[in-house]
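Next come two complexes built around chain A: one with chain B, the other with chain C.
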Partner chain A sequence: MTSNSFLSEERSPIFSRSNLTYFLYKLVNRPHLILGAICLFVLSFLVLTPLLEIIRDSLSIQSYDIAYLPDAKIGEFSLFHFERVFTGPLSKALLINPLLNSIAIGICVTLIGVSIGTVFAWLIVRTNIRFKGFFGALAVVPYMMPSWVLALAWLSLFKNDRIGGAEGMFTYFFGIQPPNWISYGFFPIVICLSLHYYAYGYLLMSGALASVDSELEDAGAICGMNRRQRMWRITVPLLLPALGSAIVLTFIRILGTFGTPALLGLPVRFYTFSTQIYASLNASNNGDAYVLALVLIVTAITCIWINNRVLGVRKSFVTLTGKGFRSREIDLGTWRWIATIGVGLFLSATVFLPLVILLWESLIIVPGEYSLSNITLEYWIGDGSIDVVYGEPGVFQSDNILSSLWNSIRLGLSAAVFNGIIGLLVGYAVVRGRGTHLSKWLEGIAFAPYIFPSIAFGAIYIGMFSTSWGPVPALYGTFTILVLITIVKNLPFTSRTGIAAMLQIDNSIEETARVQGIGWFKRMVRIVIPLSFSGLVSGMLLTFITAMRELSLIILLISPSNMVLTGLLFNYNEQDMAQHAGAVTLLLTFIIISGSIIARMISGGFGLSALKNS
Partner chain B sequence: MKKNDFSSLSRFLAVFVSLAFFGFSLAIAASPPPEMDSWLKQAKLGPYDTTQENWEEIVKKATEEGEVVVYSSSGRIQSLVKQFSKVYPGIKLTVHDLGSTKSVEKTKREQAAGIYNADVVTTGNSGQVIHEMLNKNLLVNYVPHHFKDRIPEAYREPLLVRVNEAVVFFYNSEKYPGSAPVTNIWEFTEPKFKGVVGMKDPMSSGSTLMAVMTLIQYPDEMAAAYKRYKGEDIKLSAGVPDAGYEFWARMLKNDLVIFKSGSKLAAASGKKGQNKPLIGFTNMTYIARNESKGFVNAIVKDLDPVSKLLYPTFTAIARQAPHPNAAKVFTAFSLGSPGLNKNSKLSKPYTKGESLDLLLGLAPYFDEGTRSPRNDVPSPMGGEIWDEMKAWDVDADFMWKEGAKIRDFWIQHSSM
Partner chain C sequence: MEQIELTGIRKSYGKERAVQNLDLTVNPGDFLTILGPSGCGKTTTLRAIAGLEEPDEGEIRFGEKVVFSRRQGVIIPPESRNVGFIFQSYALWPHMTVEQNITLALKEKRLSRNEVESRLLKSLEMVQMEAYRKRYPSELSGGQQQRVAVSRLIALQSEILLMDEPLSNLDAKLRTEMRAELKRLHRELEATTVYVTHDQTEALTLSDIVVVMNKGLMIQRGTPYDIYHHPQSLFVAEFIGDPRINFFKGMLVSKGERRYLDCKEFLLPFNKELPSNSGVVIAAVRPESILLSYEDRKDWIKVELKSIQPTGANTILQVQIGKVEITLMQPGFIRMNLEESLWIKFDSESLNFFSEETERNLNI
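Now for the complex of A and B:
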């Protein structure tokens, strides 16, 4: 039905019998049209309706507003929220200060994170630094942990007496109270986020660096360029598009991040855009929250637009050709060991140190007392009967934790599977339909969720699915809504991997099969899926990791009935149960890492090799 | 992301927007017809709660229902699950510990979506609970008949109070031995206490918000206390309407430390061996942590103009509750056993043995900082302090009318 209406819109047919027969014939032979239309329809519903919904809500009177405007009618058009946020006396507190804070954090973190990521990518991909494989694997570990794990570790290390209670490790061991600016607010937020997001920059840049052909640099050398010229006139321009997207994508993600600023900002009343949205929604002042969310979305779109304007033209360097390709390692000489030690130290500080701190936190009886005699396993295996743990059973005994763990795993797996399938279908429809409007629209809409900062996206979904929406029932408080939002939010990545995987499969392979009369479904199962399998698995793995460690996206949507580990972790931290928080974090990290190892093994074992065997 | 993706996306958006707005204009302003009445009739609640209650029959029906789902602002109800199943085998108690804001939020959202999941909602924040929930038929007031004459009318109309609690100032008795560091509330606004007073974020803690509002509700008394302290009339800051607001403006200016968690705040003021413990503006009930966690918190008992800011935690049956009889049974359970009276012998720990059998749902709340609405419940050990402290409470109507203004004031002044 959808495909028909789509076709009638697209080609404006005359409904004669021969025309209809022709269209049916065409449809059967172009399944990507049907697929594309269905995908477009569903995705529009999931991505655009929420956006329209918050635009509408931000422009009309909400029930909370009656407290301000007793005479207004709920639902009637009003600029009340926009006036409040942009011009009212609250503007500074609601909009300006948090926005400036968020932008300052975004710029600093992007600069630091992308720089570190790029240097690492260059060292690991292009030089003869030692332990490449090990470093490469370690460098992505911070990305697998929830971004605010570092914030938790930071608090354990550097908390001072401003928030009283148990001492931080630094104070315990050195007897000095760190100043406030080290313990809370802008500085630690920037450091913690940078140490998380450099991994993101590393991932993006190492991919780009790996595809730069050393022969291009050699060609430069032959033409008489010196090292610096080759660097600035060949390598850097080739990397600029990737660098541009790394910067923009990192920046947007940081604007929407919630956990770290919430943990480290509150004690000094340092508010960011995301914490302000959270606070407004908490006070059920949806109007404010939605206007703020729209501001974030507009900021994100502007960043992408600028990026496309500035770097867009240069985007089409073809670096992957069918011809010879070499990637030569640069000899670092005496710098080799210095670089190795430097990278090694940095990675241990960002990967192992937080985990060790949290492990320690999970073992101590009296918080703030870091001596060896103060160690117990009660928080891991205890049944909660002794007084040490205030009646809360240890990690492996607590139904609460185990059921949240199960929910997290279910969420990760189901999001990964759905995302894999949708990514594949979107990729297929986009690539096979190249050149049509449908293909372009689909590609655009699949990328659109990226521009919604996580916290804003959660805000939209909580509003949208609180009531039933046509045939879609109210999903508030259900597990389904977590899966749904995770799928949609990850779509930009999985559809990218789907498109990339599909681009590698030449249409002629499928055409050969078609000539032999093999149907579409069989072609998908026997040809397309096996050929794109390893790409698919990496897309699914990414979804699994993101889904397991996500907080900003779902913090507004979780409730006890659909609690996941990250939410529980946040609660434990709020309730001052540092031991449980540490233990659950370690558990979560362990599962994510083992999950990704298993996924790597699977994608190595099947895919192309499986095809060869059959 | 290619450049032309965006231009074609925007074209698509334009089409979609026009279609969707058409759809929206049709969808606005449709509300479901209330099936509440037949449910009330069936459950003998509200206007149908007239005849003499047959408690045995209610328990029998409740056992048939087999379950009761509670949305609670307090986590301590969780610890009652075992005792509840001991007293009422066959009824499974499921507690959702949501905190005050989320209890209200979740109930509202679910009911708006036509989901009737909760049986009992027990939470604070009078303005919202009375005006947004009770008055809008999201909740039904229910008082077990056998408790009616043991609870003063103020605590059961318009809504039954499960427990009365209070927000007070805590100080560290190790750091300030002997007596409290202040006698007048305005001393906390002095440089001496800069960055020393901590409180929960009133934007996310209902009880703290109520306490903030209580002081604002008594501007004249606050101004008089200032005059007693300084010997001169208070000068209001620009844009601040009265002495109640002025107090909070000055507190925020004096680098008030904001917490998300009451537990952390109790530790911040009460943990032993601190050089610079905080003063905690917090729930009096945390004084019980002195025993369970070895804290050294003490309560500022004599503070001018007031030392105790009361807040009730209500309990009510949720609209169209799927297990209305089990909800009645739980309501009675949470008020303590009928056998409990002034002469009952209770001993610590109250959450075990015979004391628990008498106190039932009151057991985890039986401390110096909490009071049952019943007039026949004995005072817990050390509970005299409750009666000795001067108390103010806040009016639900005032909260409702002034709430938005106070929140805005807070947002504006807490921004640094």
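Now for the complex of A and C:
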């Protein structure tokens, strides 16, 4: 062993040509690094700059403030907005009441929704309840439907005469006016949101439950624990992290939700945080809206932080038990049929009943008159002559609706495609770069949109894109901004799916192609993309569904020039056009569900058997 | 055939030094094995040769061509190094048939259709997998997957072949079979081969040259015969050989004409020149080099039999002199009782002596 270490110790100066070429070579040798840097740059621009922008706007005098502060100079630093929201005479109306309402709604809905979801998950995953597959499929349908479908159906049922316009079915059939607290405000909002968000809890908890090895419980039985002890000492602690995440994630989503509180709250001036932001923007008090959006973001971050502090260490419990676990069904005995009927009734009431009500609503000529003689198809196929108030043609005749429908589908498809691509690239850069700072930052920035409640995110994008921004033109009112915000808001999910899909592909699978002389682009096309295809498709499907039914996120950004179905529907409801609202909702639901069935067929049919490497 | 030359290669992961100042030359057409315990830097070295890992220091040359040099600032990427590489996991592309797995890179190189087809057929034939060309990897057994990986390597006709523990995922019987096959292939392909393993049997049976590594350092380089019979350090002596080599510690003494290694319980014969400053010496002797007798003979040492483990072709015996345990290996299937007496004798030619202080072979 002759050592010529003197050769290798001898370094050339840092900026010499050989060092330069060395680092260039090194960079070219790591395509994931270049890719990651580009992704990081673009995503930082789309996620962080808007945030900085609204912080700046909320801390300075804007043109719309001149009405209040005639002497101030535009652009000057000022705490005016913060004072207005936090200490001014309007503080109670702007901040305190909406905040308390939102938190109260958030807590109630989270408790009810996550409890129902957890019970369903337990029944469907761990017991011998009947029709498991059917119930399992049905339980996620509310998740695919827009969250305010239930609110619309609720209005059809319980609208009373205080607000004006037609009354609901309840009044028609029983001749009694439901009291205001049933028709509008806190109570119906909590009910409608709970019946929507339980599906979210169900999805998270059934995944967690399915991965708890029932041998762990059997081990407890061998140690002499009874059923109750096993439940509380073994199963629950194992599920706690998943439960914690389910609670926090649901809570944050509810804080940012707009449709249901708007439909059921605005008529009686019941404001939540999200509707208050909407109202402030409508009143051109953007500064207030920005401050409120910041408060919402801080609240969301605090929730996630608390969750991580309390449960963070235990996070990985559930994923620890990998394959090969056995899950034994618990025999419910006589409760089996009771549970089956109960779950069946509940699911029908939350899935089918609202759709039936809305269908009925879309078929009646005179609002509030639910007799068979009052039924028509005019609101679906008519030319508008029947609609005495606005003369709006039926769904399949109205240019308005058809162009919004086209916009919605375009939005869903383009968001899905872009998100698929970005998910793939981010996943690739993050997984291949594991251990580098770049990888960590990229993963973090891709998750960041999650902590922006939807309505706040919309407010941020208004602030950012209402004027031109460097090379980026003013995007307000364009279709592009809808696509952009949908893509960014869905980044956390798509980058997760991208990362998960990429983790399935062992590094050597790609390295072996490298040593065989296959270049980067070809490797992506021939190896990486085909192998992650089915994961990507399910991520894209999720984006499509979310984009199609999205209201909270884009309500602030839509205008007649870029109207989508959900926005149209909101307008119809505001103008008390219940038939059109019902018809449009059904159309939307139909498209979402058939879209997801098609996507499942595509990804399922893609030579999955070939992917199961032994 | 191409020569591979590594000079002053170093590679650290954070504080962990995976490879420390490695100089290694692989002669054209040689089958060189890097042998060492897990974590000693074998894979890192191999990946550095392929270009999948960039060393922190040093230079790598294929023949005259510099493929990596920190000093000159050269990194030829793996795509352009034209080496064949077999991964421990085989790394077959699960979504492609055997045929597609083999031809993807060939088509990428824009070879003519006839050329691709003929290389495909030839490489499949060499591993006897012609019948499986339309199958997916998941439809093949572990051994068959291994053959596909090998045939993919053959089809590329690289002048350099790198293999990272290619047999470690196979069961014992298949491993022996594939070992013979790899040896045959190497003869036919005449490519310079670097083979990485922690299995000494593979290293001894396959290689022209064995390089033993430990903790990122090259410990010894030599033919399998040399490595086995003349280990240059205690580490190599102990690492190579199954059952393990016997070590005896003692002082060299001379009694009149004769010289011995005094191991307290017994004396080991020693018929060479006494080194001047040997101090405490460790003698090493392979289990199969100790002679065994069932009756008392002159100068033989009486031992107690502690355990007996026939493995079929051989029998491993554990014997004891006083407190010292000795392992013996004898050919044949020996059956005897533990109470029976045995006598052993050390052959002075087969002994290696190491300094206790430096752990290096004294070469006396």
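Before moving on, here are some points about what is shown:
In this text, the second predicted complex is superposed on the first by the 578 of 614 C-alpha atoms of A that agree within 3 Å, B and C clash if a C-alpha of one lies under 4 Å from a C-alpha of the other, contacts with A are read in each partner's own complex, and residues count from 1 in each chain.
Please note the rule applied: a residue touches a chain if its C-beta (ideal position, glycine included) is under 8 Å from a C-beta of that chain, and two chains touch if they have at least 3 such contacts.
Since we're looking at a predicted model, the values are computed, not measured.
Touch criterion met: A:48 reaches chain B, while chain C stays clear of it.
In the superposed pair of complexes, A:576 makes contact with chain B only, with no contact to chain C. When the two structures are aligned on the shared chain, A:193 is found in touch with neither chain B nor chain C.
When the shared chain is aligned, chain C comes close enough to touch A:506, but chain B does not.
More chain A residues lie in contact with B than with the other chain of the pair chain B and chain C.
Touch criterion met: A:19 reaches chain C, while chain B stays clear of it.
By the touch criterion stated above, A:514 is placed in contact with chain C alone, chain B being left untouched. In the superposition on chain A, A:283 contacts chain B only, with no contact to chain C. Once chain A of one complex is fitted onto chain A of the other, the partner contacts of A:527 are limited to chain C, with no touch recorded for chain B. The intersection of chain A residues touching chain B with those touching chain C, taken from the two complexes, is empty.
On the chain C side of its complex with chain A, the touching residues are 7-8, 10, 21, 23, 50-52, 54, 57-59, 70-75, 77-85, 87-89, 91-95, 104-105, 108-109, 136-138, 140, 142, 152, 156, 218, 221. By the touch criterion stated above, chain A contacts chain B in their complex at residues 44, 48-49, 52, 56, 64, 67-68, 75, 89-90, 92-94, 97, 161-166, 245, 262, 266-271, 279, 282-285, 304-305, 308, 312, 315, 367-368, 387, 390-391, 437, 440-441, 443-445, 447-448, 462, 466-468, 474, 476-477, 559-561, 574-577. Contacts from chain B toward chain A in the complex involve residues 1-6, 8-9, 12-13, 16-17, 20-21, 24, 28-29, 75, 79, 96-98, 101-102, 105-106, 108-110, 112-115, 117, 195, 198, 201, 203-204, 239, 257-261, 263-264, 267-269, 271, 274-278, 292-293, 400-401, 403-404, 407-408, 411-412, 414-416.
Residues 1-5, 7-10, 12, 16-22, 25-26, 28-29, 506, 508-509, 511-519, 522, 526-527, 530-531, 607, 609-614 of chain A touch chain C in their complex.
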